[in-house]
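The two complexes that follow have chain A in common; it is paired with chain B in the first and with chain C in the second.
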Partner chain A sequence: MARSSDRPTRERRERRFALVLFLPAFLVLAIGTTVPLFYLLWASLWRIDLSMPWLSGFAGLENYAKMAADPRFWNSLGLTVIYTGSTVVFQVVIGLGLALLVLRIPRGQAALRIAAIMPIVLAPVVVGMFWRTLVLPPDYGLLDLVTQALGLGSHNWLGDPQLALVSVITIHTWQWTPFSFLVILASLAALPPDVFEAARIDRANAWRRFIHITLPMIRPAIAIIVIMRMMVALSAFAAIFAATGGGPGTATEILNLYAYRTSFTDLNLGYGAALAVVLLAITLLVSFLMFRLRRAA
Partner chain B sequence: MSRRALRALLLLAGASVLLAVWAFPILWGLLTSLKTERDVLAYPPKLIFEPTLANYREVLFGSASILPNLWSSLVVTGITTILTMLLAVPAAYALARLDLPGKRSGGFYVLATQMLPPVGLIIPYFLVLQRVGWLDTYQGMIAIYLTFSLPFAIWLMVSYLEDVPREMEEAALLDRAGRIRTLLYVILPQVRGGIAVTTIFVFLNAWNEFLFAVVLGGNRVRTVNVAMFNFISVEQTLWARLAAAAMIAMAPVIILGLLAQRHIVKGLTVGAVKGGGRR
Partner chain C sequence: MSAVGRVKLQGIVKRHGNVTALHGVDLEIAPGEFFALLGPSGSGKTTTLRILAGLENANEGRVHVDGADVTDVEPGERDVAMVFQSYALYPHMTVYDNIAFPLRMVGTAKSAIDSAVREAAAKVRIDHLLARRPGQLSGGQQQRCALARAIVRKPRLFLLDEPLSNLDAKLRLETRVELRKLQRSLDVTTVYVTHDQEEAMTIADRMAIFMEGRIVQVGTPDEVYARPASVDVAGFIGNPPMNLLPGRIAADRLHIGDHMVALGRDLGAEREVTVGLRPAALRAGPTGLPAKIDLIEHLGDTKLVICRAGESMVKMRVDKAASFRDGDDIRIGFDPGEIHLFERQSGRRL
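Then we have the complex of A and B:
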């Protein structure tokens, strides 16, 4: 019975070993994310204007008060809601439609899967540039070639404020719909085939089969997609930055881009930090609500 | 029968349209990169033209060569990937297998750090790196890159380590193999595939990063993404050349993406499954 006596020390040794393995990564994350987070909160209470450094000083809640009366902030907030909401809905609806379609194709699924991976692995900044230089420019862009051939005329896809918003939403949807498509396809393929057989024998029509059987079974996958894609859309940056830079004017300037432009174009880091804090609060709130909804479902 | 054939045909047509929508811009980019600047602007667009490698030559060896930028990207991404894996694998092992004190909250903490919007962190990063003089340096950039690759790598590795049968570990321990040797010689060989996939994803993420690179980099450390972006704002019209640069910059991620294609879904949803606390 020597074992029982050395057991506590063994356990303690294992714990110590676990800590030694975990601590380096933990420290990097604590120093690299948590400390900066508090620094951000602190910076949002200061006037830090690199173009007018002599004005710097403690400002209290001044940045936040300024924000409440800043029409550009409210505009960016509205655009964030539109951008996030529409891209997520499009990704899920189109991705689901495609997955249902592709599931019925006996051959060529592998080729489609490879095509779907392409946009996902590309850098968003490259995707933004691609669309800006090859797809969207008036007259010789791909899209204009199509619309002109169809007799719909030429459009300034990135120069017209409303079209520009549609364009950046389209770019995001183009790049990330393959993701929801792949996830939904994988979860559809994992469903037991006898479920469908039973329903088919019951002569349930296709639509009802989808609503009552398929959809409830893939709901967890859809919930994951919605949560993840909302997080990403809220902090989307590089593709919009490359395609429009937030413009024309502020037509595509979601909150994320406004925070960036304020900080690194206008060099007003204090106000930029306050904007970033609001974005952070929205992100946390959304993730909290989504996870609660998911748990309740 | 004929109605069935028609339906199959329609499905196939739908699928091909899809394929085209996703693949076409990239193929179009490839075509553009092989054209002369004059052919790019031709209307109607030329599908048959004399291909030229002049754009690639210019982009690689010309006056505005992107070779230094490719080197910057490679150094930042490569070292970030190595350091990330060295930190992530042990941490993931502790989370997945060992009696780590505060295990649940530790895991949740790692996940939560991943949810912070990058724009929120870039301001403190900029201010701190500026103060310590690490703006536009490799060490500054790599330190920051670690913060976004680590959480992801840890969670992906946890999911692979959890699949290793516990008996293997226990048997090794009974043989008095010692904890470190068990990890190195028994556990790690079991998750070789997982390590490879995780390494690929960490590399992909770091290679594609733009926001931190554009703010924290500069003349010395300018990644290829940033260089291309500058290209567009300076030389608006040289699109064939830009396309060639984009093709070169995209090549590694496309190759790695194809290598890891079976694992893409898992790689992209990791954390979400656990984070919901449902499974």
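Then we have the complex of A and C:
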């Protein structure tokens, strides 16, 4: 009897100790993430324009109303959709293609896997700089050397508004395709070989085995890649910022960059906060829909 | 008897790097036959089946089905169906879609697929599970689904790779009987790989026994049981298998230790032999091989008396009423006609 009455106090003591251990992490998370998030929501309801400080004051939903009539907002939203959609599709398609090729290589897979990690471990800002200074500049850049040698002429890859968007999409795809390649390769390597043998005996040719067996069986991996890469592409920043800064003009200004430029170049903190809140809402909505879709499948 | 499904393997050699898995396998299987490939693991029986299916290529030799050389033909074009040890069901498809898959791959009409799937599922009694996925089925149900997928296309050859090995003992015995009935009703040539000699003995019309990449004997279960071609086969067939004792032939008599037997037939020159005696052919009597009982196993309707005779262990199957005790000294008697003799050096039957 004595022992059982001991137990609640001991349990309580342990729980209190656990709480103390948990507290630092909780505080860091709260100060680093939760507080700024609420501050952002709050700031988006104010007029805070440091270049016109005399206009500051509570604005309610005015910042959000302004967006509807802001062509630059719609432009950036459109670019965000194009950027996210195309980079995610390219990453999955190219990653899948590479993984299928590499899976057939009997030797040297390990070396290829290490090579594939390289772009991933680079900081995105380094990637942006590297492309801007070594690959894409006209005349002496690597890409121009190739196009000139092929007789396709020199192009201003980051200066031409249309090419600039293609370039930043290429940069992102270059850096992150290896991630989807590695995930899909691991997923393919783990598929049971006898199922494919059964399909061969069941008269399915290579294409049909791919469509009816391979793709459905690696669908969970692809779903996870799409979800993760969408989240990242929606909030992409550093590589584009380093390569084009959102330009030329607003040619590569995705929503995240527009929010940054509004807040820290134009110093319109209130409107910038509202743009960031919209981006957050879109990201949350997309991830919610993707996870629901995944569960349904 | 079915007219199609005649199989002929000619000099099949299979090497994996430096290891030779099959050293020239020759085999003929008649249409409609239930043929077992029996052998211990690593003996080459599964490799032989896979070469017959077209999943692996032989380094040498030819594969003929119904007179046509199919050595270089893709598995899908050989008109064979296979049940894998792991069942290899398509995990993302329902049972219905699994069974329908081989028909869909050749563009069979939808209505024909539907009736074929339902007929195949009914034959193996899983027609109530068509909407489920493999992950929602028990082991036995998955096995039936794999069978249904194989029979739905009415192939000329039915290949089974240890199909019962993942089932529990009771289900294995039931399914064995059903499999045999199913094969009879379909009348399709069936090649069945197993390491379980009892399974092969009970289910097959004929069997080939594999040892270390070679076929050592081909015959009906009765033939193989009555006249094992070598010591290896003798030690593999029967439950428990034959007792194998060292012996010597001298002056027309067989010597087992100090015990002497007159066999009443010409034994040829003096030499060392291995003597094979089935446990059921032995009995304790006033005369015979002296032995000491080590252990008695009760098997229900019979007892297995395990005793030591000289250097060898001898198993004797006796009636459950027989009264023996551990440690008893007995004499093991047998009819000379029950003796199997093998040459010591080569292991061949004499």
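Here is the rule we use: the second predicted complex is superposed on the first by the 278 of 297 C-alpha atoms of A that agree within 3 Å, B and C clash if a C-alpha of one lies under 4 Å from a C-alpha of the other, contacts with A are read in each partner's own complex, and residues count from 1 in each chain.
The criterion applied here is as follows: a contact is a pair of C-beta atoms (placed from the backbone, for glycine too) under 8 Å apart; a residue touches a chain by one contact, two chains touch by 3 or more.
Since we're looking at a predicted model, the values are computed, not measured.
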Fit-or-clash call for chain B and chain C when the two complexes are aligned on chain A: fit
Touching partner for A:W207 - first (chain B), second (chain C), both, neither: neither
Touching partner for A:L145 - first (chain B), second (chain C), both, neither: first
First, second, both or neither for A:M217, with chain B first and chain C second: second
Contacts of A:W54 with chain B and chain C, given as first, second, both or neither: neither
Dominant toucher of chain A (residue count), chain B or chain C: B
First, second, both or neither for A:M228, with chain B first and chain C second: first
First (chain B), second (chain C), both or neither touched by A:D194: second
Partner chain in contact with A:A238 - chain B first, chain C second, else both or neither: first
Closest approach of chain C to chain B (Cα atoms, Å): 13
Doubly contacted residues of chain A, that is, touched by chain B and again by chain C: none
Of all residues in chain A, those that touch chain C in their complex: 192, 194-195, 197-205, 208, 212-213, 216-217, 219
Residues of chain C defined as touching chain A within the complex: 53-55, 74-77, 80-82, 84, 86, 88-93, 101-102, 105-106, 149, 153
Sites on chain A touched by chain B in the complex: 11, 13-15, 17-19, 21-22, 24-26, 28-29, 32-37, 39-40, 43, 48, 98, 101-102, 104-106, 108, 111-126, 129-135, 139-140, 142, 145, 174, 178-179, 182-183, 186, 220, 223-224, 227-228, 231, 234-235, 237-238, 241-242, 256, 259-260, 263-264, 269, 272-273, 276-277, 279-280, 283-284, 287, 291, 294-295
Chain B to chain A touching residues, read off their complex: 8, 11-12, 14-15, 18-19, 21-26, 28-29, 32, 40-45, 87-88, 90-91, 93-95, 98-101, 106, 109-110, 113, 115-128, 143-144, 146-147, 150-151, 154, 179, 204, 207-211, 215, 225, 228-229, 232, 239, 242-243, 246, 249-250, 253-254, 256-258, 261, 264-265, 268-269, 272-273, 275-278
